Amino acid sequence: MSSKRILVPVSETSTLRETVGYAVKEALDGARSDDPGLVRFVWICSPQTDTVTDEQKEAGEEILSRASLWATEDAGDHEAELTVETAILGESEYIFSPSDVAALLEEEVAASDIDRIVLDPEYDPGIGAPLLRPLEVELAQRTNVTVDEAPVERATRRVPLLRQTSAAGVGVLFGTAFVFYQILNGAFTLFDLVTGTMSATIVAVTLARVSLNRRPDSGMPVRIVRGIIYIPYLLYEIIAANLVVSAVILNPRLPIDPRMTRVRADVVGPLPTTTLANSITLTPGTLTVRVRGQHLVVHTLIPWARDGLFDGSLERAVRFVFYGRGSMAIPSPKERGDTEVLQPPTEEDGAASTDPQTQEDTTGGAE
Amino acid sequence: MSESQEESPYVESQVIMTTVQLIAPFSMTYGLFLLFHGADTPGGSFQGGAIIGATVLMIAFAFGIEVTREWLRNRTVVALAAGGVAAFGMVGLVPVLVGGKFLEYKMYKEVFGIKAKWGLEAIEILGVAPIVAGVVCGLFFAIAAGYLSNGDTWDSRSPTDADTKSTPTTEVTDDD
Amino acid sequence: MMGTIRAGAIIACLVLGLLFTLVSTVGVLRLPDIYSRAHTASQADTLGAGFAITGVVLSLGVQAPTIKAVLLLVFIFVTNPTAAHAITRSADEEGIEAWTVDDDRSDVDLAADAETGGENA
Amino acid sequence: MSVGLVPLAVPQPEPISAVEAALFVFVLLTAVATAMLRDVLAVIVVFAAYSLGMAIFYAILLAPDVAMTEAAIGAGVTTILLLLTIAKTVRPNEDRILERVDGTGLVVVGAFAAVLIATVNEFPAVGDGESMAWFNPAVSQYYIESGYADTGVENAVTAVLAGYRGFDTFGEATVVFAAGVATLIVLKRTVFTRE
Amino acid sequence: MAYEALITDAFLAVAAAFMLLAIGMLYRAVKGPTTQDRVLAVNVIGTNTVVVLAVLAAGLGETSLLDVALVYALLNFLMAVAISKFTVDRGGVL
């Protein structure tokens, strides 16, 4: 499971140092001197002009050399077990969207036999749009390698409150607020249309940079439709599980077996993670306690719920909502070895139905 | 910003942040709805202003006060509160200027041909709501800063202020 | 006939809502520690509220206020799990350990251990 | 109106309903718990529950304006500001959850409460058509009859607050503003110390 | 429309029952032991309040109560979010 060939796209960010450290640590994990791990740093040219200026290229080379210096530094005594490569990408192409970046990275994956991509949470190749989320989606669709965000701890707050926004973003927010206002109101008088417009403008202007994680794109309506399909499924899951858990709680013997577990979910980005975390919480018997990147610390009440969680049906459904039908067919977290019971039973009582395939894969670095 | 974030920086919860991002536009729209419709339906500008203020608190809790501070400048909060009082006074004084009495809405109809109703609406929307929203935010940030000040960088004046922080609660209840 | 069905549906929804909220209350009172209690608080209660408000929606029928009741449902379903997450996260942050069947400590002990033990989450 | 001392129950047009009874118990319990708890943080949390009960009370009494104020202020603002203020205080470390009751204090408070309860009887019943409020045509009746004609506002509460008593409301708004300013003066800072 | 009275009674009875459950929940709010337990209990009471208000709105035929319920639905989780900050290092992370 331990992945050893890691691709890291780099850009000038405050979290680059920690990302490098994380990638090196992951690459060294399980590597031997006869079978060295690989960390490949790539820098993607900014697309401001058709041709890349020397200045830009120099800046890129500077970042890359800094990254590889850090990487050797972090490898320390294990230097022999690590190969560090650098490359500049996209010199001959015009890159202006997340999917272009993803396409470049996809080529890289094929060329260098990469099996994991580590993303800097603040990675931005300078194409001027909030990019991480769409990039993660693209990569999840295009490649079959693991994509994860480096669990960096920033000196400041985890996420900046204000993000870049766009006319489309303001528009979406304005529309939402306006529709909500008219729904509340129920009548369409001139007064309501005027005040509704005013309210929606105020909301859009003040909150556009707060509420939108990313620029709305053409995939948004599709995701909304898929989200609506998801609701009845979730309701069914909630009700079915509720009946089971209710029976347990009303049972005079109270046959519970609470355990803290950890699952690495294969969804990336704030909204998918939150949807998954809240769906898990809403489904009785499981409760998301912490979210660290892709690692969910989930408290489970009964073995039945634990098995359901490890089967990953909700994860698949959330992947369907955000990445489409094609991305549903992934192995369950249990098959991937992405599950772990943090409080394994100490005594051998036969009831311990969950065989914790405890694998110290990627979870160690999450703390 | 402050590199010396002491030991083990606290990581904000992704789930809480995303939910707040989702709820904030709705609660803010609802607050605005209440203050615009205070004249005809239950609720009104006081409640609307309080809900708008609560929306800001919501964001401050999810993302942390420092970043909210960058978003909402000092002068925004002060302008809301002080501007509200000023607007209220203005609406009241205009009838005086044209020979009526303070807050005599009838004068709006007689002199400007505006229905008296809009005078009421004006003090509700421009006066009461901004004052409440501004004061709620202002109190929140002021009290929150009260105990961040222990050696923290952004209380430049007196780091000992922290001990006086329990006084403002009496003022808080005055809002009702 | 339609009236009978509608009345039946409304009352069924209300009874179900009451039932799940009862489960939630029993759970919060009975279960051994904060994490387990948060389960029923966030889930049974959300579903209970969901059913009860569905009853209200059915009874209001097609009119303007109905949509407010539907919005209530939506907001409850979005905010309740977040609240449960926030609460348990804070418990985790304080270092309160989750109770397991092997554990013979009570919830009071667990809370006290978190304060005195000094082990971080 | 009967003057005889009927225990607590106000002469109501309708008997007290099950909801009201349950609500009464709830609010009473939260109030007692708020007074008795030792941990100040717990007091604030339980006080939030009290505010929830009061909001339903106002709703049952058909005062949605007041209920909404209670909702917005109670759920959104008061609890948060109290928490902010209290968060750094010391909490009692003992096992005891509730305060010990002081006998003398209980007697004094009980006597005071008894006096207050005795006056309840003199209140007009909810929805009582013969109460004083309806017999004062100079004020109440006037508001109800000509409020809409005078102000063009459908919500009578708003009509009174912003219309008839606009000057008063101006004063109140200024008081809220002054309260904010006073807090800043006490804390010796602008809203954000560093701009 | 013979059912109208029945349904109204049902709504009022359910509101009363929800209040009784809230009273039960108060035990947890008072007993604790941790602040999180209390906030959890009050959060459930808050959800109950939303339900009671909505049910009363239907039972009393007073739809304006739905507006009050909406305020709670939007703001009820604020305290839970707030407490998640305050319990950590006594609000130092705010």
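We call the chains A, B, C, D and E, going by the order they appear; numbering starts again at 1 in every chain.
The rule we apply is simple: a residue touches a chain if its C-beta (ideal position, glycine included) is under 8 Å from a C-beta of that chain, and two chains touch if they have at least 3 such contacts.
Just so it is clear, the model here is predicted, and its values are computed rather than measured.
K.L.:
With contacts counted as defined, which of the two, B-C or A-B, has more C-beta pairs across the interface?
P.N.:
Of B-C and A-B, it is A-B that has more C-beta pairs in contact.
K.L.:
Roughly how far is subunit C from subunit D, going centre to centre by Cα mean, in whole Å?
P.N.:
28
K.L.:
Could you grab the centroid distance between subunit B and subunit D? Build each centroid from C-alpha atoms only and quote it in angstrom.
P.N.:
The answer is 22 Å.
K.L.:
From the C-alpha centre of subunit C to that of subunit E, how far is it in Å?
P.N.:
10
K.L.:
For subunit D, which residues are shared contacts with two or more other chains?
P.N.:
Counting only residues that touch two or more other chains, subunit D contributes 64, 68, 71-72, 75-76, 80, 84, 87-88.
K.L.:
Which subunit A residues touch at least two other chains?
P.N.:
If we look for residues of subunit A contacting two or more partner chains, we find 184, 277-278, 288, 290.
K.L.:
Residues of subunit C touching 2+ other chains?
P.N.:
Correct list: 38, 46, 65, 68, 71, 75, 78-80, 82, 84-86, 88-89, 91, 108.
K.L.:
What are all the chain pairs that meet the touch criterion?
P.N.:
Chains touch in the following pairs: A-B, A-C, B-C, B-D, B-E, C-E, D-E.
K.L.:
Along subunit E, where are the residues that touch subunit D in the complex?
P.N.:
Those in contact with subunit D are residues 12-13, 15-16, 19-20, 22-23, 26, 29-32, 35, 38-39, 41-42, 45-46, 49, 52-53, 56, 60, 62, 64-65, 67-68, 71-72, 75-76, 78-79, 82-83, 86, 90-91, 94.
K.L.:
How about subunit D: which of its residues touch subunit B in the complex?
P.N.:
64-65, 68-69, 71-73, 75-78, 80-82, 84-89, 150-155, 157-159, 161-163, 166-167, 169-170, 173-177, 179-180, 182-184, 186-195
K.L.:
For subunit B, which residues are in contact with subunit A within the complex?
P.N.:
So the residues of subunit B in touch with subunit A come to 1-3, 5, 8-9, 11-15, 17-19, 21-22, 24-26, 28-30, 32-33, 36-37, 59, 63-64, 66-68, 70-71.
K.L.:
Which stretch or stretches of subunit C touch subunit E in the complex?
P.N.:
The contact residues of subunit C facing subunit E are 3-4, 6-7, 10-11, 14, 17-18, 21-22, 24-25, 28-29, 34, 37-38, 41, 45-46, 48-49, 52-53, 55-56, 59-60, 65, 68-69, 71-72, 75-76, 79-80, 82-84, 86-91, 93-94, 96, 107-108, 111.
K.L.:
For a test of understanding, state which residues of subunit D touch subunit E in their complex under the given definition.
P.N.:
Against subunit E, subunit D makes touches at 17-19, 21-23, 25-26, 29-30, 33, 37, 39, 41-42, 45-46, 48-49, 52-53, 55-56, 59-60, 62, 64, 67-68, 71-72, 75-76, 79-80, 83-84, 87-88, 97-98.
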